[in-house]
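Both complexes below contain chain A, partnered by chain B and then by chain C.
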Partner chain A sequence: MGENVVGRSVRRPDLVEKVTGAAQYCVDVTMPGMAHAKVVRSDRAHARITGIDVAEALAGPGVVAVVTADDIASLHARFGHIIADHWILATGKVRYYGEPVAVVVAETVAAAADAVELVRVSYEDLPAVMDVDAALADGAPLVHEQSYEATGDESFKNLSHVDEETAEPALTNLAHEVTLGWGDVDAAFAESAAVVENTVHFPMLYAYAMEPYNAVASYHEGALSVVSTAQHPYMVRDDLARVFGLPLARVRVTSPYLGGGYGSKSYTKVEPLASVASWVTGRPVKLTLSVEEAIYTTRVDSARIHVKSGFAADGTILARDFDIVMDSGAYADNSPLVMAKAVNRCFGPYRVPNLRVRGRSVYTNTAPASSYRGFGAPQGNLAGETNLDRAAERLGISGADIRRRNLVRKGEEILPGKRGIDADIPADLEMVVESLERDRKDVPYYGIGFGCSASDAGAYPISTAQVRIQIDGSVLVLSGSTEMGQGSRSLLAQVAAEELGVDLSVVTVVQSDTSVTPYERTTGASRTTTLVGLALQRACADARARLRDMAAELFECAPGEVRDLPGAVAGPDGRELSFGAVVRQWFGGSAGEVTGVGLLRRDGATQKMPPFWEVGMVGVAVEIDPETGVVAVDQLVTVADVGFAINPRAVEGQDLGAATQGLGGALYEELVYDGAQLANANVVDYRVPRMKDLPRKIDLMIAERRDGVGPYGAKGAGEGTLNPIGGAVAAAVARAVGRWPDRLPLTPERVWRLMSSD
Partner chain B sequence: MTLPPFALLRPTTLDDALRELSEDSVPYCGGTELLLAMRAGLHRPAALVDLKRIRELSGVRVEDGVLVIGATERHADLAAHPVVRERLPVFARMEKHIGNARVRTQGSIGGNLCFAEPKSDVATVLMALEASVTLAGPGGRRTVPVEEFVAGPYYAEKEPDELLVDVRVPLRDGLRGAYVKFQTMERPTVGVAVLADDAAGWYRLGVGAVGEVPLAWSFGSLGEIDADEVAGWVDPTPDLSGSEEYKRHVTAVYVRRALARLEQVSA
Partner chain C sequence: MSESASEPVQGPPRVPVTVEVNGVSVDRQVEPRSLLADFLREDLGLTGTKVSCELQVCGVCTVLVDGRPVSSCTFLTADADGAAVTTVEGLSDGQTLHPLQESFVDHFALQCGFCTPGFLMMSKALLDGDDVPDRAAIVEHLEGNICRCTGYQPIVEAVEHAAERLRGGAHG
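Showing the complex of A and B:
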């Protein structure tokens, strides 16, 4: 359609500084007079705190203060954007090993670390619930004795199916329950030619962003300034304002480059700890977690999912029934939304005439779980897709054919009343199958698997953007969306350059400072390209309108007579003025600037929820060493159904990253609790994918059909490709060894046992 | 964790170094194990005695049919050393693939043996080679076979006031050797070394990483090595890389693979 800047794989402006180490991350940020904090953490799973003796620690060299729950009792010392159950510092009792009990503030990191050892916390042990079965048992010890008010997060209310007014008050370890369904599932099962049921277990994972959580905070004269590793600085600002009772305008949260997020840095993490430490001491306080501490701060919900589906003899789905139980750990954080999404996403982009889904998010005495790339989709999809592949085997049809029979076509709804599917998923499936079959190897212990998912993506459509046209024609783009490696800084510059007709080299993007950049709800759910892109297009149009008005004054003509040119305007007499000239001449003093504002809400093209569907379409081929059970990935095939790729190389990077992260959870990664604590809370024993694990063949395809609501027909990418990887790997392994696995990751020993079992 | 404070001593002679050693003043070379232990708070010595400036502890030479490797020689240097590659290629290849790039370029052979990490490749191959170490202490020098020196997990038969000076490997003309390892995590699950001196009728098998210490055995012929029987001799440590049963199973698999690899190695 004649675009010049978008649709090209431009080099990211942040590339060189990141590769050379010059880029500034939060950990590099200092504040004048800054002290350092270290956290005293619980060394047991569940215990009443009977006393905290800080005297010896306070006497330590260089120690400024030891902050405990008592010191912050006058604050609203809890956070949580859905359920405000998360105490900043353990109050009365600890709920998991690793929970912050106190913060030591000292002149140096080493002094703080030494003093941590001197804080004497006395406990009275309580019986712990370390897994969902223990937590749901009759008479189970309660992780939370009191219920907390829901904070009524707008996105949560709109995207989940729970009615907050009728939330049941009974005190159990059930953090949250979500149900969804239609039709008569039991009657449909009774009429089915085949009913296939199975249970899958999705592992407890760690998102493993390379940069652990860290923040530096300064509370001074009724204002709080925080620099942190937050994906959603505005959401963190809201939580912090509530903690201190401050106006939103007196809380400033800035996020420099993030060293990876993957959902694990969404919502509030270490910011309250650093902030209350500053509030108590009156000095800026810097807190940097170790990897182990980061693992104990946020992990991924593990899940056990029972799925039962009824089919006609030709493979047509008649009914599906899912029961999802997630281990959400000691605090709810974003797990209720993860569950709501798992419920929406587990049954797949298929016509399901009768559906029943029940999802329960359960409190346990383990590290709190929260968002992870894919938001409940990786968990739910594993169940739904494995079940479908088992059904295909039972019915004697291929995995491709059972999907062809059931996949929704473009425009069909999979959630009643929601936006119809804005993608050609059957066409995507054919691309994956064709690529996999083309390179299928004829060797023993070789298997192919593939899977589909569609996620209600984009989150709640509230976005704002600004463009500021400078007197030399260069452009500042302001956005509250966070650059965390995904390439939004580059992408937003491309959109602005395209819309304004200026060279990419004169566009600078400034992001994620709540006192400078305009409001952005979140950076997640693959929303930036679509939603911020739209807001930015509107900001550019607004800037252009203002420039036309100003030019009309200069040309002494009607505004409607001024025409747009690339980076310039033209009057009715053919006179042309560059943007910079318009600004200079209108203000008259070689100074000034023009700001364009773009606002996006649930309206017009973004009225229907979700804003877009994010398709996940992947295939893998595996080759197994029958003697050791080691799974080698021979092929990885992905389709990015993104409508329009604004930066194709960035899309490929997102897909390869998401798929590789998915392969991690499918083959290697799992946090393992051994008693109260994790056996592998470090990056040596928590095994992530390595270069050597890369698939032999990688085919990253992009399907561009201009079918998204975003700029130029674009839709988001980033999460979708992770979602079906687990199911695809499980199916490939099953076909290679002739037996169906029921859990991930498929470690060598698990595969060996699968092969050795009767 | 940050490193706790410590004094750094840098002697240039072996005698000076020995005078500095005590329970609280420990040898330091590559630091790949020691500094991790210190960071983790497991070890807090008052002083580190840096051995890297002591010439007597470095170098590789052949002395009376014995390959003598200085204790401070780093893995990457040994993997590339012409004498090691020519006279003991199985050892050079093992050194080329141990740990990771940082361990290979920083870590020393002496430090590796003294730390006695159960999942070490080095000790397994050296035990199979019937190597020994030279220890120097206030009372003089002594020679200890590696099989005795690596006495337990994280425990080497060395007094705090002793230093490992060198590693001595008897050379054999026409020696064939193979070392294979099964590794899915950061450290090997099992490593198997098999060595053959056909002219002398000398055959050795070493199995390490799977249990608390590597083990090595002598055989009269390769045919005597029964992989399933060997799997019964090891005492696997169950951990995140596998259960006892699985580790026993892959031990047998890798003994067979080591023997198959050896068949492809010419003298």
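Showing the complex of A and C:
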């Protein structure tokens, strides 16, 4: 359609900064007079705190202060954007091994670390609930003996299906329950030619963003400034304003380049700890976690899902029933939303005439779980897709045919009243199957598997953007969306250059400083391309309108007589002025600038929720060593159904990255609790994919049908390819060995045992 | 609130070290337990080197000591006394990017970039050797470096491309 800058794999300017070592990450940020914090953590799963003796630690060399819950009792010392249940420092009791009990502030990191060892915390042990069965048992010990006021998060109210009028329930370890359904499931089961049911276990994962959570905070004269690793600086600002009772405008949160996020840096993490330490000491305080501490700060919800589906003899789905139980750990964090999304995403982009889903997010005395790339989709999809493949086997039809029979077509709704599917998913399926079959090997212990998902993506559409046209014609783009590797800094520059008709090299993008860049609700749910992209297009249009008005004054004509040119305007007499010339001449004195503002809300094209559907479409082929159970990935095939790829190489990069993370969870990764604590809270024993694990063939395809609401027909990417990987790997392994696994990851031992079982 | 009058940090006597960092000779007194990564980042302000696992298994903190790649997160600064240390800041001459840097950008071989300094230094050690590495040698050599963003394939391609370019003698 004649675009010049978008749709091309332009070099990302941020990558140049990153290869020289010049790029600044939060961990590189210092503040004048800064002290350093280290956290004293609980060494038991559930215990009453009977005393904290800080005297010896305080006497340590270089120690400035030791902060405990008592010191911050005058603050609203809890956070949590859905349920404000997360105590900044353990108050009265600890709820998991690794929970922060005190913060030591010292002149150096080493001095703080030394003093941590000198803080004596005495406990009285309480019975712990280490898994969901223990937590849901009658008379189970309570992780929380109180209920908490809801924060009324708008996206949460919109995206979950909770009856808000229910009376205060009796206290249990149920953090949150979500249900969804329609039709008469039981009647449909009774009429089904085949009913297939199975249970799957999704492992407890860790995102392992390589830059661990860290923040530097300065509280000074009723204002708080925090630099942090937050994906959503505005959400963190809101939590911090609540903690200190400050106006939003007095809290500044800045997110520089993030060393990975993958959802794990969504919402508030260590910012309150650094902030209260600064509030107590009156000095800027920096807190950097180790990887072990980061694992104990936020992990991924593990899940046990029972699924039962009824089919007609030809494979048509008649009914589906899901029961999802997630282990959400000691604090809710974003798990209620993860659960709401798992409920929406478990049954797949299929016609399901009768549906019943129950999802329960459960408190346990384990590390808190929260968002992870895919938001509940990887958990739910594993159940739904595995069940579908088992049904195909039972009915004697292929995995492709059962999907062809049930996949929704473009425009069909999978959630009643929500946006219809804005993608051609059956066409995407054919691309994957064709690629897999083309390179299928005829060798023993070889299997292929594939899977589909559709995620209600984009989250709540509230985005703003600004463009500032400079006197030399260069352009500043301001956005509150965070650059964490996904490439938004480069992509937004492409959009602005396209809209304004200027060279990409004169556009600079500034992101994620709540006192400088305009509001952005979150950086998640693959939203930036679509929603910030739209806001930015509006900002560019607004800047152009202002420039036309100013040029009309200069040309002494009506604004309607001024025409847009690339990077310039033209008057009725053919006179042309560049953007810079318009600004200079209108203000006079070779100074000034023009700001265009773009605002996006739930309105017009983004009225219907979700803003777009993120399709996941992947296939894998595996070859298994029968002696060892080692699974080699022979093929990885993905389709990015993105509507329009603004930077195709960047889209491929997101897809391969997401698929590789998915392969990690499918084949290698799992956090394992052994008693009160994790047995493998480190990167030695928690194995993530390495270079030798590269699939032998990688086919990354992009489907561009301009069917999204975003700029140029674009939709988001970055999560979709992870979501169906688990189910695809499980099906491939099942076909290679002739037995169905019921859990991930499919480690060599698990596969060997599966092959060797009777 | 519990605060103490701040005192100077005490401990064992400091150790004198002389290290050539990216061609510049540096003399410092460091704590015996000072780690090379902290020395580079905090004492010298060379924050290009990053730290992640702190267990020598992720490769993020890799720097070259006398040309050999080491994990600076677990390497004592005192052990670098008298040695030449090269960090990511020393790869480029300040004007033009090193072929590896150029190739990483061209191949989209990084996203968040946190692991990239380690990959670059590890790759430099490989390309500084006598043999021109093939794909298998690159994969073998970089097995100790973790990247969580890219899925590795673009990194392999970037190093292959840089190796070809260096074989042509384009850059030292």
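Everything below uses one rule, namely that the second predicted complex is superposed on the first by the 755 of 758 C-alpha atoms of A that agree within 3 Å, B and C clash if a C-alpha of one lies under 4 Å from a C-alpha of the other, contacts with A are read in each partner's own complex, and residues count from 1 in each chain.
Everything below uses one rule, namely that contacts are C-beta pairs under 8 Å (C-beta built on N, C-alpha and C of every residue); 3 or more make two chains touch, one makes a residue touch a chain.
These figures come from a predicted structure and were not determined experimentally.
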Chain B versus chain C as contact partner of A:627, first or second or both or neither: first
Superposed model, chain A: greater residue contact from chain B or chain C: C
First, second, both or neither for A:752, with chain B first and chain C second: first
Touched partner set for A:646, first chain B, second chain C, both or neither: neither
Which superposed partner A:273 touches (first chain B, second chain C, both, neither): neither
Touched partner set for A:698, first chain B, second chain C, both or neither: second
First, second, both or neither for A:175, with chain B first and chain C second: neither
Touched partner set for A:110, first chain B, second chain C, both or neither: both
Which of chain B and chain C A:22 touches, first, second, both or neither: second
Which of chain B and chain C A:684 touches, first, second, both or neither: both
Overlap of chain C and chain B interfaces on chain A (superposed complexes): 109-110, 290, 684
Residues on chain A engaged by chain C in the complex (per definition of touch): 9, 11-12, 14-16, 18-25, 27-28, 54, 58-59, 61-68, 71, 106-111, 207-212, 257-262, 280-281, 290-291, 484-487, 649-650, 652-654, 656-657, 659-661, 682-684, 688-692, 694, 698
Chain A to chain B touching residues, read off their complex: 109-110, 113-114, 290, 627-628, 630, 668, 672, 679-680, 684-685, 687, 747-749, 752-753
In the complex with chain A, residue positions of chain C that touch it: 1-4, 6-11, 31, 33, 38, 41, 46-55, 57-58, 60, 87-89, 91-92, 97, 101, 104-106, 108, 110-117, 120, 139-140, 142-143, 145-146, 148-156
Complex contacts: residues of chain B adjacent to chain A: 1-2, 4-5, 182, 184-186, 240, 242-243, 246, 249-250, 253
